[in-house]
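Each of the next two complexes has subunit A plus one other chain: subunit B in the first, subunit C in the second.
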Partner chain A sequence: MSRAISTIASLYALLILVFLYGPLVVMIIMGFNRSPFYELPFQYDLIWFQKLSTNERILTATRNSIVLAFAVSILATFLGTLAAWAMSRYHFRGKNILRILIIPPITIPWLILAVALLLMFYWLKIPRSLFTLVVGHVGVSLPYVILIMSTRFQGLDSSLEEAARSLGAGPFTTFQRITLPLIIPGLVASFMFTFAVSFDNFTLSHFLAPQGVSTLPVEIYTSIRKGFTPEINAISAIVFFFSAILVLFSSREIKFVG
Partner chain B sequence: MSSVELQQVSKNYDQVVAVDQVSLKVEDGEFFALLGPSGSGKTTILRLIAGFIEPDQGKILIGGSDMNGVPPERRNIGVVFQNYALFPHLTAWENVAFGLEVRRFPKKEVAERVKEAFALVRLEGMEQRYPRQLSGGQQQRVALARALVTRPRVLLLDEPLGALDKKLRTQMQVELRQLQQSLGITAIFVTHDQEEALTLADRIAVMDRGRICQIGEPAAVYEYPVNLFVSNFLGQSNIFRGIVTKINADFAHIQTQYGYELVAGWRKSKAIGESALLIVRPEKINLSRQPSEIPNEVPGKVVHRIYLGTNTTYVIQLESGEVVTAFIQNKAERSGFSLGESIFVSWAAENCFLLDEVTQDSC
Partner chain C sequence: MSRWRRAFSLLALLVPAYGWLAFAVLAPLTIMLVFSFLSDVPIGERAVFFTLDNYRNFFEHIFYWRLTAKSLLTSFYTTLLCILLGYPMALAMAKVIPNQWRAALFMLVIVPFWSNTIVRLYSWAIVLRKGGVLDLFFQSLGIQMGSFEILYTYQAILIGLVHGYLPYMVLTLYIALDRIENSLLEAAASLGANAWQRFWRILFPLSLPGMISGAILIYIPAIGSFVEPRLLGGRAGTMIGTIIEDQFVQLFKWNFGATLSFLLLVIVLIFMALLGLILRRTRFLRG
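Our next item is the complex of A and B:
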């Protein structure tokens, strides 16, 4: 009887994988198809990758996305880690309230957050700029970083830091040689998570980016409305390829310390 | 000079008084135990001496210098934590070397001293292992080596043997003591295990709820406790309640409610008519089938016996209803007593003492 159940379970898992990866696989494959109208039969051609290398709009947008995601990840990880550190090691007024208030923003749809941010910048008389873009991205990422790093710090025994102090290490040396190495998995996870969120983010970028600055998701959206070619598939395939490598690498990192 | 002194030190956490105006002085080279139940403030005192927390009132002096405002890294102390606190991402060797590297010792000297430290705790061969690859006892030794390698003035130990099994613990107690004596280092040791305190310490401070009840050498604290709390915490006590009826230079007589006339060889200053507690420890009690000339003797019945290898514990119910515990060594010439047997419980006057009557069991 259990043999039948495990077969059904395997089939079910397979179905889920097909459901998840089906569209992705189709999309990637069509990037290698010669027809600009996605017509079958399939003819292998690298023409769209070639065209991509000269498509300034898409390349610039991709570059913007990468640079933005990098900046946002570094900022959000840095600020979020400091916040999580303070919350885990010190007692201060309002700490409990803060701890509770970190969670709700995660549940609010990005569209609403984007409009709210837009309004706020309008009232503050700050025009849309790279600054507003970064602020928006960092803002929505912070709760995640704080959550990830809080858990990391909680798991970190404070007696380790005390031991280092008792052995002659000042606070900075202690952080550098003891705390930091032990929270690196959390930092890496925070960075990658924030990077992925920022890179993929359409809503915030669409609302908060200044005139003339485009990110890849925004560019793809615009292309879909205007009319597009499988260059979109080509760039998506490349992005997916790099994401896959990143995820594989990070899962190994996280498993090592876990 | 590496004496440690607390002068009227207090520490509060929110509304709770963790340490209440505690004063004590640990002499240079002494092995000093802070003994008490959990919540007694003993660990807080250790952390105050280490500098992890600051006192709300009072002064802490190490080697005669006021430690106010001095952070842990400048106090030149060594700490062994209850959970060892070994750095998981460093090897045993790197753990032990940490204190020297942080102080920028030259590489050659670091290597020499670390090697020496591993030899001292008899853990050669384990240097390249990570903490998770070591047993509890081995981790303990690494923690000790790490704390000692910097040749601190004072060694602070927070229940360091608690996680070890009994045999290992006994072995480590002996090694720890020998180490401390051969190095001549001042050591302050926190424990809730009275046996451990008695074994290791030159002097013991018994604590309860943030206060020190009594400080003294193990024998003094054990044989002459100042109150019921200390008497109960260190060893067991059989308690008789009564009124003082007669006093002379060496002895005090009391009469219990039931009517027993008992004599104590030592007493806190008591006056005739005052109520008092007469305490006699289980190992001081004799049991026999025949009455004797011993002044303290009462009849009773064996209601429970526990064989413990080295001795047998008897629980005897007296005619008064009171219950007495006796430890009788298992020697061939003394045959054991059986359950229900009627026997005589006796003890010498010099082997019991009087304490104040108390309403609650605290200092």
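Our next item is the complex of A and C:
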């Protein structure tokens, strides 16, 4: 491949990265700028981060988001792993249909699912609560876990388990000593991915959160609609670094999910 | 293991996950369908009956048709822009840029894809607003266009959508292109195919399944976008998604909202089936 082509390719890649990261970098830098109106010249200040630490609304919303994401990722990872296990270790009729059924929850616009859930809970007379949020979030997270874990189980040689069984290990021992250690990376990846899915999800929370309770994305959305303040930059910067760290830790496992 | 025991353990493994999906996805969509045919939201003693009025309301007002078309078109532009911008990127990553940089680039493309949607859109609002970074940048270049403001325009919505969905396209295309053996290209070159022929006759057709997978992951969810139009679109941001949100959050017309949402679901399912069919076709061509 000629030199010119390789230079053009690198420049193009750089351009795309500028597009992807430019606004985020600007946002983060402005979180450290003293002016409340994003005025230049830039003056370094931590005032917005300090203000953030006393902003009860945002702190509570962050706490809600973390608790919710934890509950969701544990449940989704557990249930999804069971299903993926069944799909990779058993042959049964209708397996392909079950595989295809995973796709709609991933691609159907969240708005439609959120609205439908809102109507269902209303109809069942279940008031909006942490429970309603968990139902929705787990629903959209489960398919990802099934995808991630199915790949993981397929890559796992079932003869290891058979060997353990033939040497006299019971199903439980086999699972604990052979299968579990081999799938732990996949479990960690599923956990982190679903954590990110839940932590990021604005649409479902927007419709399903109880009155007066908000998650972080909902809180940021509300503040943006009231007007821009560098405090939002500060919390956004923190959220961005947090998700970047999640990716770095789990990317080894997830080649691509979607 | 007996047959019954096997069936039992299979059910025990599958039912929790698929039961949850049935409760969280299938049941709500069914109930939404019921609501779309009701005259009103059932509260207390209020008399509620089945009616077609909500559907009539949609079909009789060209306004809703236009907004649905606008949403479909916006989604189409988003997908197209993602292909146009993403293809060269994926090609560069898979076939040109040296191996040692690929993993890092891959990571860099994934990070924004994981990051918070609201945060991403907010960062664009900061950049695109009046007195924002782009505005200042153009001023410093001495370009006088009055005041530069792109925030709260249709273009701003597209920028926000493309920014969010571009990684899907780059990644699915990258995976498809990466799978194509270099020896195939070398063979073509040794038989006298020039760069354009190698691209058009080998790389492009073999990467089609990746492109279509990417298109499914972008076109379908983008049809229901309402956050991008709300935060970046201002007045230009009325779409079918925002209208649906209004029915539930502002107007309390849940039945009509259910109708709009259900019609959108039908459109979404039709497109999903079509794209899925095309995907199977291209995979078949690939052999």
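Keep this in mind: the second predicted complex is superposed on the first by the 242 of 258 C-alpha atoms of A that agree within 3 Å, B and C clash if a C-alpha of one lies under 4 Å from a C-alpha of the other, contacts with A are read in each partner's own complex, and residues count from 1 in each chain.
Quick note on the criterion: a residue touches a chain if its C-beta (ideal position, glycine included) is under 8 Å from a C-beta of that chain, and two chains touch if they have at least 3 such contacts.
None of the values given here were measured: they were computed from a predicted structure.
On the shared subunit subunit A, the superposed partners subunit B and subunit C are arranged side by side without overlap. In the superposition on chain A, contact is made by A:Trp110 with subunit C only, not with subunit B.
Counting the residues of subunit A touched by each of subunit B and subunit C gives the higher count for C. Touch criterion met: A:Pro181 reaches subunit B, while subunit C stays clear of it. Shared-chain residue A:Ile97: touches no atom of subunit B or subunit C. In the superposed model, A:Arg165 lies in contact with subunit B only, and not with subunit C. Once chain A of one complex is fitted onto chain A of the other, the partner contacts of A:Ala4 are absent, as it touches neither subunit B nor subunit C.
Between subunit B and subunit C the least C-alpha distance in the superposed model amounts to 6 Å.
Shared interface residues of subunit A (contacting subunit B in one complex, subunit C in the other): none.
Listing the residues of subunit A that touch subunit C in their complex gives 1, 5-6, 9-10, 12-13, 16-17, 19-24, 26-27, 30, 37-38, 40, 79-80, 82-83, 85-87, 90, 92, 98, 101, 103-113, 115-120, 122-123, 135-136, 138-140, 142-143, 146, 196, 199-200, 202-203, 206-207, 217, 220-221, 224-225, 228, 232-233, 236, 239-240, 243-244, 246-248, 251, 255-256, 258. Residue ranges on subunit C touching subunit A, taken from their complex, read 6, 10, 12-14, 16-18, 20-21, 23-25, 27-29, 31-32, 35, 41-42, 85, 88-89, 91-93, 95-97, 105-112, 114-120, 122-127, 129, 131-133, 136, 163, 166-168, 170-172, 175, 216-217, 220-227, 230-231, 241, 244-245, 248-249, 254, 257-258, 261, 264-265, 268-269, 272.
Looking at the complex, you find that subunit B touches subunit A at residues 50-52, 71-73, 75, 77-79, 81, 83, 85-89, 98-99, 102-103, 146-147, 150, 156. Interface residues of subunit A, counted against subunit B in their complex, comprise 157, 159-160, 162-170, 173, 177-178, 181-182.
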